[in-house]
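Below you'll find a set of structures to go through.
Shared between the two complexes below is chain A, which pairs with chain B and chain C, respectively.
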Partner chain A sequence: MNNNDALWEDSNQSDYMNKTRLGLDEALIRQISTDKNEPAWMLEKRLASFELFKTKAMPTWGPDLSKLDLTSITYYAKAMDRPAESWDDVPADIKNTFDKLGIPQAEQELLAGVGAQYESTAIYHSLKEELSEQGVIFEDLDIALQKYPSLVEPYFMKAMPSSLHRFAALHGAVWSGGTFLYIPAGVKIEQPLQAYFRMNAKGMGQFEHTLIIVESGAQAHYIEGCSAPRYGVDSLHAGGVEIYVKEGARFRYSSVESWSKDAYNLNTKRAIVEADAHMEWVGGNFGSNTTMLYPCSILKGDRSSADHLGVAFAGAGQTQDTGAKVIHLGKDTTSNIVTKSISREGGKAIYRGLVEISPLATNAVVSVKCDSLILDDKSQADTIPVMKINNETATISHEASTGKINAEDLFYLRSRGIKESEASAMIVNGFIEPITKELPLEYSVEMNRLVELEMEDSIG
Partner chain B sequence: MNILEIKNLTVTTSDKIILDDINFTLAKGESLAIMGPNGSGKSTFAKVLLGHPDYQIKSGSIVFNGQDILKLKPEERAAAGLFLSFQEPREIAGLDLFSFLFDAYRALQEARGKEKISVFDFKTILDAELEALAVKGDWSNRQVNTGFSGGEKKKAELLQLALAEPTLAVLDEIDSGLDVDALVIAGKAIDRAKAKGTSFLVVTHYRRVLEYVRPDKVLVLSAGKVAAFGGPELADKFEAEGFASVEK
Partner chain C sequence: MKNIIIEHAKDLKTNSQLIIKSKTEAFYILIVDEELIAEKEIIVEAGASLKTYYLFLNNNSDLNLKHVVNREAKLNSNSLVLSDSLLKIKTEYDFVGADSFGQVSADAVLNGAANLKYEAILRVKPDAQQSDTRVDLRLYLNSSAAHGQLTPQLEVAANDVKAGHSSSTFKLSADDLFYLQTRGLSLNQIKTLQLKSLSNKFVQGLDNSTAKLLLDLITTQI
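== the complex of A and B ==
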């Protein structure tokens, strides 16, 4: 556990910061595009997004973003000129970071492929041969844009248009790095495909874009974990995730995010789900100063469905404003939202959800269940579930609960010799178990450790 | 040497006196039964011994194994050698039973200055205890007491008792939820612990469990006060003639 802490505190020395600068203007956007040798349409998209960004106001309906100074963010940095071909090509300081994260071992044992993002440029990418033989593409998005432009262009920022909100527009202007995953029709992949992200440079934004296309009848599970070292200067993360789940396909997107305590994590994740297809979101949100994240499923096709499972942990000085958004468009569509939040030491955990049933979406079934655990009197939990129901045939259920750690449970565990902070962490981990059990073992263990870390200093 | 010395112990909860001037001692190697009607303070006494935070000690002392334990936290009392088998064991959803047992075992070992045990060695110990308790079915994917029958819960308590190797084990209504066969198994578990040097303090309504514990002393509580303190014959009298017969 202490090792983890050391990992977060230590920011590796890198020389690439010399090449970067603060703030955003058209020249920087052109430079990004030129550096990446992008097709003209991408530059146009970036510039159009930048124009939108200038017209969009900061969102004021949620957490306070007034301290986020967008002029003091580094919008673009690159660690190396091109991604390393193999582990041996990865520079030592970067390798050291990944060594601590355990990536090489993890890969040897379990991973089907690793896409790791260090700053804005992918440094390491590998994919097992059996997958590429099946036509699976698992690439850095910058590279996919060069190698498979006709696959990228029809989808890029269609599910997540720049016009969505200010940070989607910003993302469209400065996005850099990220993952492209393409699963051909009928291909079923059992092992989760994994990517690690790490935001490292002081005050630096990270705007990675994840684009995933799951063709008809295909099945896959993509998982990413994010962690960031702690810094005193505000950092901004405004990533984007777009997922296209085609007819009859099944896809699960899992992420465990643990941002530095000063980071603004303003992320946009959206999936378009076609007929008979199924989308699952499994997420854990830790750290950050403020997180705003509401993964969205657009149930476009008839009989499409989505599950949204989320855990949020708000510690001292943190606001976790998270939830889910589901738009029911097709007939006989189903959505199931289960969230668990924990707040302590003055943290604020807010479930914010929007479920919209369109007039044509007959027989939609919606289930929303939000549980909050508040660990002390200083902390807060709120539930803001919005339902817009425009079709009377919908079946909606909503449950919410708010509670504290049961004092008798705590006494029971302590009477067995377990320290109070550990006993509390055990109870909290039990509380989120319905969600962690959906993650691969190493990720559920990591999420449990994050809870233990958060709880360690909570009780004197 | 006494295992337990209770002197002038007065305990309140929400400013109400719930245990009033309790005095008794228990010698090492001896076992004690605490009897009394509902609401007499039996279960409260058991929880006070382990340091339940709901109860305030107004006066008096609890000396366990030569050590004043009033300032110790529940986990420190456990490490010192106290164990409480709960009348109603808590169901803790989502907490894996075996990892909880392992964590608790390691916590006690560490606090007692013993060497760390590997998960494999622990599994060996655990399997032996599961077998000794005639646990039916596979508990390896169960969560702490969640969905357990009354009997299974009590077996799980006895399993934890065996793993904790306490100096003094407090059993609060251990026989509730146990059928006759299970009670025999529980009796054997108590004998095994006794053979390892564990003393017992049994809180009970009924005499039947005392056949398995065979206490050396019997304490009868009434309205938070000691109504009677004596040998095992007190329990017979208590059951045969009712509570009034033993009142001072």
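== the complex of A and C ==
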């Protein structure tokens, strides 16, 4: 994967934006649904979500969202009428953006499948032929809704209901594009699948929905990447991710989010994990003005387990309010949460987590470890872990620490002729290494590069 | 000169303040043995040292204890909760001066249909550089009907500090339980033994007469 400062500076001409408007009302929701030729149940779901959205208040906890003006957001913009059949058919200006991100190159070299979304709709999706032959489906969710309605309907917004919070309701009303991934029972995919989401236009809102079903005994790794250019006008990302990991399956969801620093990233990600199944979340949060993101695992089945690994980097003017949520419902369930946060230049990094042990979840084992690095005296790191324990057999341990870069480590590197900023970046990359080592090499290099860019103030 | 201040729930005003004067050393013991809804602020002035012992015994209470720790001041705060009731405890620790020190420890043993909500919020303010602070919370559920919610919250706004927290649940391993049972102890006796062990740990650092006062109260509850 390439990474280029221009990604946060350059934006393409957006003629399709002439057909859009700001703000949200029922007419726009009906227009989105008509535009996509959706079944009636989906329109009903959208309208019900919109009604919920109108009744739900902004969150009263967490970062200040009072400056987010929801009337100034463009909720739906279609860059292409339909996804391209091949990469060559993607319009040159859009292709140029994804070329900079290294998407086609990565597809050839290391991915089992790739998807790309530009504004509200997918522009390209492909999957290796041998996986299609095994019954794997990797599509834009809009298309999957037409082609596989019986697979989509039973799962869509069940793990992440619109009633969850205001932005889940908004998402339910205006969702567009995203990924549908279905892995049949017993199919094990060695190479990762990837989707990349690009929000290009000024004041845009992106609400892609990722729906993943991993059938019994299947195994896969899916990666999402996101970016947006900087305009000095607020943009909003309120995506949704739902993952269903069936009995004995294993699934890893990785994401590297590097939004521009005028974007609000208010994303919702939830997984339901059945018996003997395992779910892994690996996340890197960079960029954005404000992020509120707490991937959630619902350990429904006996002996199910989840790992949550996360890195957040808060620079000047940024609030990274991230964490994890694990709800233990089944017996003998296990969860492991490891997070690392870095704050500098007045940035604020917050770990906010919830571990809940239900009364029937006997012998649950939980381990939570959060480490924060504060690089200067203007920045802040908070840790807010909540443990709700309703079963006496649970074993829970939580440990958190906050500190600064060790002066001796810095001195050692500087004595070897390394510049202070480079030495600091090296130390920070060492600090997050337990997370990056879980990513494929290309992506861990990408995350390390993002840290270096953050240390140079280059992102967003 | 050491000062020992002992307060019972019945003597505690709804909103009260305790100031530990600069460069003095004090012990503050709060015994919450009856229903109480109160807020108390404790200020540890520069260079002072305070050890607090909060004992919560079977009652429905809602308590907010705020602590402000100034420059070069030290605070050791120990809490023991023995409850079968509804209990809401919020403890706040603001470290506002450089070179301040704080060690916060709480053990909660919940029986019957106890429902405990325990928040320990530790704030390291921007001026509290070179401070050293830590919170440790432990929860022991002795009943299938008991519920506990722990939040050890850390807010750090200074970079040259040591700050940490932990929370954990505790249960005897099957091996430990088996060993004690082979020595002829019943399950109830084992639980009592555990409580006595926690109680003895809780009163460490107190003079004999004060420690005895607290242990007698705890024994009555057991």
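Just so it is clear, the second predicted complex is superposed on the first by the 453 of 460 C-alpha atoms of A that agree within 3 Å, B and C clash if a C-alpha of one lies under 4 Å from a C-alpha of the other, contacts with A are read in each partner's own complex, and residues count from 1 in each chain.
Definition applied: contacts are C-beta pairs under 8 Å (C-beta built on N, C-alpha and C of every residue); 3 or more make two chains touch, one makes a residue touch a chain.
Here the structure is a predicted model, which is why all the values come from computation and not from measurement.
J.: For A:Glu247, select first, second, both or neither according to whether it touches chain B, chain C, the two together, or no partner.
T.: Neither chain B nor chain C is touched by A:Glu247.
J.: I want to verify the contact counts: of chain B and chain C, which reaches more residues of chain A?
T.: Looking at chain B versus chain C, the one contacting more residues of chain A is C.
J.: Based on the superposed arrangement, let me know which partner A:Ile418 touches: chain B (first), chain C (second), both, or neither?
T.: First partner only, chain B.
J.: Contact-wise, after the overlay, does A:Asp409 reach chain B, chain C, both or neither (first, second, both, neither)?
T.: Only chain B is touched by A:Asp409; chain C is not.
J.: Under the stated touch criterion, which partner chain does A:Ser401 make contact with: chain B (first), chain C (second), both, or neither?
T.: second
J.: Does the superposition put A:Phe431 against chain B (first), chain C (second), both, or neither?
T.: first
J.: Between chain B (first) and chain C (second), which does A:Ile389 come into contact with in this model arrangement: first, second, both, or neither?
T.: second
J.: Which of the two partners, first being chain B and second being chain C, lies in contact with A:Asp377: first, second, both, or neither?
T.: second
J.: Considering the complex alone, what residue numbers of chain B touch chain A?
T.: Answer in residue numbers: 47, 50, 52-54, 73-75, 77-79, 83-84, 86, 89-90, 92-95, 100, 103-104, 107-108, 111, 143-144, 160, 164.
J.: With touch defined as at the start, can you tell me which chain A residues reach chain B in the complex?
T.: Against chain B, chain A makes touches at 406-409, 411-420, 422-423, 426-427, 429-434.
J.: So in the complex, the part of chain A that touches chain C is made up of which residues?
T.: Residue list for chain A touching chain C: 359, 372, 374-377, 379-404.
J.: Show me the residue ranges of chain C that touch chain A in the complex, using the header's touch definition.
T.: 124, 126, 129, 139, 141-144, 146-169, 171
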